[in-house]
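Dropping the structures in below, format is structure tokens.
Two complexes are shown next, each including chain A; its partner changes from chain B in the first to chain C in the second.
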Partner chain A sequence: MPFAYQLPSDVSPATVANTSSLLRIIALALISGAAIASRLFAVINFESIIHEFDPWFNYRATKVIAEKGFYEFWNWFDPTAWYPLGRVVGGTIYPGLMATSGVIYSLLHAINLPVDIRNICVLLAPGFSALTAWSTYMFTKELKDESAGLLAAVFIGIVPGYISRSVAGSYDNEAIAIFLLMFTFFCWIKALKIGSAFYGSLAALFYFYMVAAWGGYAFITNMIPLHAFALILMGRFSSRLYVAYSSWYAIGTLSSMQVPFVGFQPVRTSEHMAALGVFGLLQIIAFAELVRTHVSSKQFQSLLYASVVGMGITGALAIIGLTYKGWIAPWTGRFYSLWDTGYAKKYIPIIASVSEHQPTAWPSFFMDLQLLIFLFPAGVIMCFRQLRDEHVFVIIYAVVASYFAGVMVRLMLTLTPVVCVTAAVAFSSLLDTYIDPAEPDVLEDDSNTGQDAPTSGTSTAVSTSSPAPSLKKAKKAAAAAPPAGPLDGLVSTVTAAVSSSKKAGKPRGVFGLDTRIAVLINALGMLFFFVMHCTYVTSTAYSSPSVVLASTNPDGSQHIIDDFREAYYWLRQNTPETAVVMSWWDYGYQIAGMADRPTLVDNNTWNNTHIATVGKAMSSSEEVAYPILRKHDVDYVLIIFGGLLGYSGDDINKFLWMVRIAQGVWPDEIQEPNYFTPKGEYRVDEAASSTMKNSLMYKMSYYRFAELFGGNQAVDRVRGQQMPKVGPTLDYLDEAFTSENWIVRIYQVKKDDPLGRDLKTANAFAQGKKRKRSKPQVRRKAVS
Partner chain B sequence: MLLPLLALFALPLCLAASTEANHAKLVQLAAANDGVIRLDQSTYRLLTSPRRNWSASVQFTAMDKRRRCTPCREFGPSFNAVAKAWSKVSSAERDSHFFATLDFDDAMPVFQEMNLQSAPVVQVYTATEGPRQSASGRTAISLDFSQGFEAAPLAEQLSHYTPVPIPYKPPFDWSRAATFVFMALAFVAALRFMAPILRSRWTWAVIVVLTSLVMTSGYMFVRIRGMPHSGPNGQWIAPGYQNMFGQEVQVVSMIYGTLAGGFLMLTLIVPNNLSPQRQRMQVYLWAGVIFIMYSVLVSLFREKNRNYPFKLLF
Partner chain C sequence: MAGPKSTTSSASSNAVRSLLRAYNENTSSRLKFIDAFLLFLMLSGIIQFVYCILVTNFPFNAFLAGFGSCVGQFVLTASLRSQVNPVNRAEFKDVSPERAFADFALGSIVLHFFVYNFLG
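Showing the complex of A and B:
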């Protein structure tokens, strides 16, 4: 058998095995290092700071754990959130993330390493990304082999789709959830493969951890039953499946119910019913199989078959009936909106308003996954060629996750692992084929095909069982149709490759060294490009803390815009500790975390009416808003305004959502069309509608804005519109603080007039007096 | 001297009388036309006369084919369905709210006067007199179509302005139900013949791969946002990173498919070819295809994301 290049032949198999395992360990260590390092851009470019919005709450909760211990945290009632309602924090969160950091914190302190809790929180996500890379390696190893596993680990380690949620400082549930997701799936596949109750229980344990950590656990809750159900439909029921599923479901469900926020949901809501239903179905089938092995009568078997089908249908009907009776809660809005994509916009605008709940355009896919996105279908085909039980799992995961990722940008996160796994399978198959030095024999002597097939040449993707008939058929097909032209040759090879998926014994391989080098250089170039792409995307797009903004000075150096912290610290140092701050819900967690002041609403959007109240106050006129503010004891109102700097994520751009959410509760008082010009445009300049101009949000945003331009034309840089010369006036609020670049503006709500007048008349009176006093002065000036 | 004065005194009476007459005329028009008054300029003035004790929903539209207003024709049936539902309420309430439609070709001046640039538009004219006089003092309210052109949300929105809620029920879609039943039966009947196809893994492979290709090319984005197939003047790449046209889905999924196919050919098919020359040719062919298609993809991406610093061939 010819070789394209020579391999050293005097190496003992033991040496090869040892060296390869050593190389694997080194490679995994390097991958972990790369995964952690590429997430540190945010720390290096900015500082070790908690990012965005939700992480600020997690950080605050973690501080409670670190300082007061777990029991105190469990019973924590936070009176400053959702003023005046307060929030039972212990019962309304997934505590997994905070508990993890708490454990790490006390562990480090136990060995006398006094690490600040903030640094643990900042670096938790990069640390767990290394674990994710490892668990992806384990998962892919079960699908193909170690080399595919290493590729998958590299891919998941640096792919932007996962980095976007796990840079240093983005201290959110997803930071640890993807590791748990992949490890649970690995345990499930392993349990199924060897029919092990141990791995099944391990899967259940990690499932429990996942339930405690992230609301997205419902993905596992439905993926595993779906897989089991597909296997049953394919006629692949086995005792391995029974053992794996039963141990996972029983232990997993019981333990998941220990999380207070989940409670009895696993038996009361529709999201969990698929798991329960498949569990029941498996019991019925296992029972039927048991009976079948003991009974031989044919009639009895058909009777049994009918009764099994009947029981299955009865069970399904029972679940449906219970849902109608209200014993089982129907799908919650968040999940339902994944299927009926118009649902959220109509009925739950608060969900539709979040930018990460928007559908995904194709550039986002390419940005986040680059070459993996087109290797993904190739990898799926590879899975179809082998189609063991674990491949079925990957295929189902691929379809489901690609649909979800298309519907919501946020769910790109669940697609990323499967894309990495399948792309690694496809890519490593390519490398296997072209690195393998064995060349096949030339076609001319096809008399002895099959007999002395090169075993090393077929080491890739050989399934263990190859039934003899299909082998013969393939040989016959190959012999019957000797290729006449290039096209015929192609056709016959395609049919041969498709019809004989089990292709053991058929000679295949690549001729020549040049072809190998061409393909491998091409492939390595693509991988290199992938690394460049990931580094570029990570450093430019995903490493901004969004608490601190960066811009470039004319000389190219970096300029840090720190308005948010400036304003929050102003609140912290200049207002009484009980001063209630009203803002749109996006900033609730940040105000609580950085300014430590009570807020009306925050990012935990559990009370729609309360949020709509804030929306109504923002979108109505001062006279209407003032009683609302007073009734809620609001002392300060905080808004974000980007018009001066060109910061597009400001409140005027979010304003329509405030209007919409308020309209959902008070359709008579707030109507969205009133905020548009008669032509249906959203404008803030002279042509803006009067409702818009009179709204509290508009007034607060543009109060004294025109003065800044000193008589020149004032321009709103976000909307690109020219502002009127005379800005709005405020009667019921006082400007208290405006940050350096005007991004944050804080207004103080005036107390009732001491003389009992309406504040507007009091203001008019005060101004009228002033005008009278100044009149003679003006006249004198005119004379002189 | 006295006569004009008398006439002046009589004016309110006359006006009241004419309001009555106008109302009667409108009721008659509505009855004649299946609940929807087809307006022209004069009847429009009549309907929206500043003194009215009735309210009205007016649809401004351009149904004529030459106007090429697809949304108008899409929306028309919904409006008519809601109007028809309204004509079923008891006459006392029915006659205090009218449904009317005004076509661009019938009353161009009205459109110009109201400064309407686009159609369809639905305006609600509230009553200015009588018990149903609007509390807010606003006489004309235009509805928004943020929830689409369907009849159900329209009826819900209009119900805020009618004396009683519009009893609109979406008609049961018999044809859809029948199609569904027929498809199900056909599927069951064909199951016997289809079984080999359904059992083949490659059928499923094609389904799975096509689904994931289409989904990862932004199909759901186009579907949810209702993006057009292509832009005006033949432009098919939508500008902007978070934006795309329907045609992009096809192009991008085709590129992804070609690239994936190239990889599969190199890995699975080419090594099966046992003639060295032919195989070498195929290897270079597919490696070239992959390189070129990848360059095309990257340049397409640069088109969407102008700041992207990398490029291959183009």
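Showing the complex of A and C:
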């Protein structure tokens, strides 16, 4: 066979194997380095700080672990959250993340490395991203080969879709969960491949870790049964499947119930019933298979088949019946919102109000995945060519995750690994084809094929490297695989359509060096642009701590806007430790973490009524809100206002959600339409509705705002509207603190008037206004 | 009407008898030993389940732990059985009987660790 270029022939196979394994180790080490390094933008541009909202709580909980130990943490009751209710922290969180950092902290201290707990928390996510790259490598290796694995590791290491959740400082559950997800899946397909109970148990252990770490474990709980079920339908039941699934389910379910927050859910809720059902089905089938090996009677076998189907249907009916009787809880609202995207907005506004629960916009697919999104379908189709059990897994994973990623922005995270894996499979097939030096055999009709073949070679860019045998194989596979199950017929049709797309006769392959180089240079260029894109997106879009904001001075230097911490430290320094701070729930964790003050509501949105109470206080007039504030012992009210600086994530923009959530509980008192102008616009300027203008939130936001402009026209820079010259007045609250750029404003709730007047009258008296004449007259009349 | 019914029942009882005979003849004593253990586990699980339904499920975690240990041990043993079964030799190329037993032991240890933790 002719070669396009010469390979050295005097190298022993052992040397090749050793060198390639050394190169692989070096490559993996470099990939880990790149994965960690590209996540450090946040630390370099800003500082080593915990980001955003939820991480502040995780950080606070981790500090409890590090200082007081695990048992204290387990029994931790936090009286400062959800004032006056309090929160049982140990039983209402997934402790995996905190436990992980706690273990790292004690390990480092045991070897006398006094690392600060904050730095461990900040750098945990980058560290685990290196492990994710490694586990993705292992996963893809099972699917294709080592080179595809390395490509997948590079992709997952730097792809923005994963970086968005794992930059340094983004100390959230997802930071370790994606590693656990990939490693559990790797263990699962490995267990399935060799039929090993060891890998099944390992999958169960990592599943347990995942359950302890992230609520998204339900994805694994349903993915693996779905895969097993699909295999059964395809007629691919085997003892290996039985061993892998049974060992995973038996140990995994029992272990998942050890996490207090999960409790008995694995046997009592519908989300977990698919796994149980498939487990039962596998037992029945395995028993039937065992009997079948002993008896060959035709009649008996058909009887057996009927009884298996009957028992399966009975089992399914039993589960449905138990659901109706209420022993098994039906699907939760969060689950419904995955199927019906309008569901959450109608029934659970608190879920719909979170920006990361919105449906994904098309451009964000490109922004998060860049070229991988084009390679993704190609990779999925390549999975159909071999279609071993693990390829079925990847195909199902791809379909399910694509759907979920379209429904919710945050579920982009679960799509990213499978996109990386399939894209790596597609890309490495491309590279394999064009790097392989073997030239196709030229048939006797020289002149004809010499001209035709190169064009056909490039058009079927991802054809296999050795053309002649593969054609035979495909034909043989098509002939030798009769449809064994209902699904298999469909699948084999697709497979046949994919693999027999080439015409018979002409030799297939790549001719010459120039074709190879042209394609390879293009491929490398694509990879190069991918790296550029990832670095750009990571550094600009995903590395902002959102606690500290950055802007650019006119001379191009960076200007740090540090209003949040300024205000939180003001609270910490100037208020008594028991002062209750009311704010919208977004800022609850930050206030607890940075200001260390009790809050009414926080990001653990477990009590809708309590949140609605805050929403009602914010959206009703001062007179209505004041009793609510007093009843909840509120001392300070904290709001975020971006009108001066143009910070769009402020409370006025979130205001409608407060109204909606309050309306859900008090539909008689709060009505959303009242906050719009008669034309249906949401305005804050002169034309705003009177309900809007009288609401506490509006008044607190724009109190004394017009004075800032010294007689000029006041402009709200976020909404681009001109404010009235005379701003709102406050009778029941005092302005206590406003940060440098007015982003955070804190108001003190006035105590009752010492003379027993109502505060409005007292305020009017203090300003020297006359009392209205009518009032005393009325009183005198009543006496006489 | 009685005729065909009795013939099918006699046929199925025939089939069951032939099944038992085939089982007795074709199964090595080692596998039979495993099967005895499987039977014991199944009976133990059934007794616990009946107790849970008829009497009480009060310490629900204890019931789950007990029942889970039976089911888990059952499937792990069944896995061991299918791995060491010479009929399945072709399917488990990478799992020798010794390795299968090591897997079984490890799985059981992990399982019973969680069972013990869950008993309460």
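In this text, the second predicted complex is superposed on the first by the 703 of 784 C-alpha atoms of A that agree within 3 Å, B and C clash if a C-alpha of one lies under 4 Å from a C-alpha of the other, contacts with A are read in each partner's own complex, and residues count from 1 in each chain.
Here, a residue touches a chain if its C-beta (ideal position, glycine included) is under 8 Å from a C-beta of that chain, and two chains touch if they have at least 3 such contacts.
In this text, all values refer to a predicted model and were calculated from it rather than measured experimentally.
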Figure out whether A:430 sits in contact with chain B (first) or chain C (second), or with both, or with neither. first
For A:690, using the defined touch cut-off, is the partner it touches chain B, chain C, both, or neither? Pick first, second, both or neither. neither
Between chain B (first) and chain C (second), which does A:254 come into contact with in this model arrangement: first, second, both, or neither? second
Quick one: classify A:375 as touching chain B (first), chain C (second), both or neither. first
A:12 in the overlay: touching chain B, chain C, both, or neither? Say first, second, both or neither. neither
Check whether A:283 is in contact with chain B, with chain C, with both or with neither, and answer first, second, both or neither. second
Just checking: does A:552 make contact with chain B only, chain C only, both, or neither of them? Give me first, second, both or neither. neither
Larger residue footprint on chain A, choosing between chain B and chain C, goes to B
Common interface positions of chain A, toward chain B and toward chain C: none
Sites on chain A touched by chain B in the complex: 341-342, 345-346, 358-367, 371, 373-378, 380-382, 384-385, 387, 395, 398-399, 402-403, 405-407, 415, 426-427, 429-430, 433-434, 440-443, 446, 483, 486, 489-490, 493-494, 496-498, 501, 503, 506-512, 514-515, 518-519, 522, 526, 529, 532-533, 536, 540, 667-668, 671-673, 678-680
Considering only the defined contacts, which chain A positions touch chain C in the complex? 194-198, 200-201, 204-205, 238-240, 242-243, 246-247, 249-251, 253-255, 257-258, 264, 267, 283, 286, 291, 293-295, 297, 299-300, 303
Spell out the residues on chain B that touch chain A in their complex, using ranges where they run on. 115, 117-118, 141-144, 146-148, 153, 160, 201-202, 204-205, 208-209, 211-213, 215-221, 223-225, 241-244, 248-249, 252, 255-257, 259-261, 263-264, 266-276, 278-284, 287, 290-291, 294, 297, 301, 304-305, 307, 309-310, 312
Per the touch rule, the chain C residues reaching chain A in their complex are 11-12, 15, 18-19, 22-23, 26, 60-61, 64-65, 68, 71-72, 75-76, 78-80, 82-83, 87-88, 91-95, 99-100, 102-104, 106-107, 110-111, 114-115, 117-118
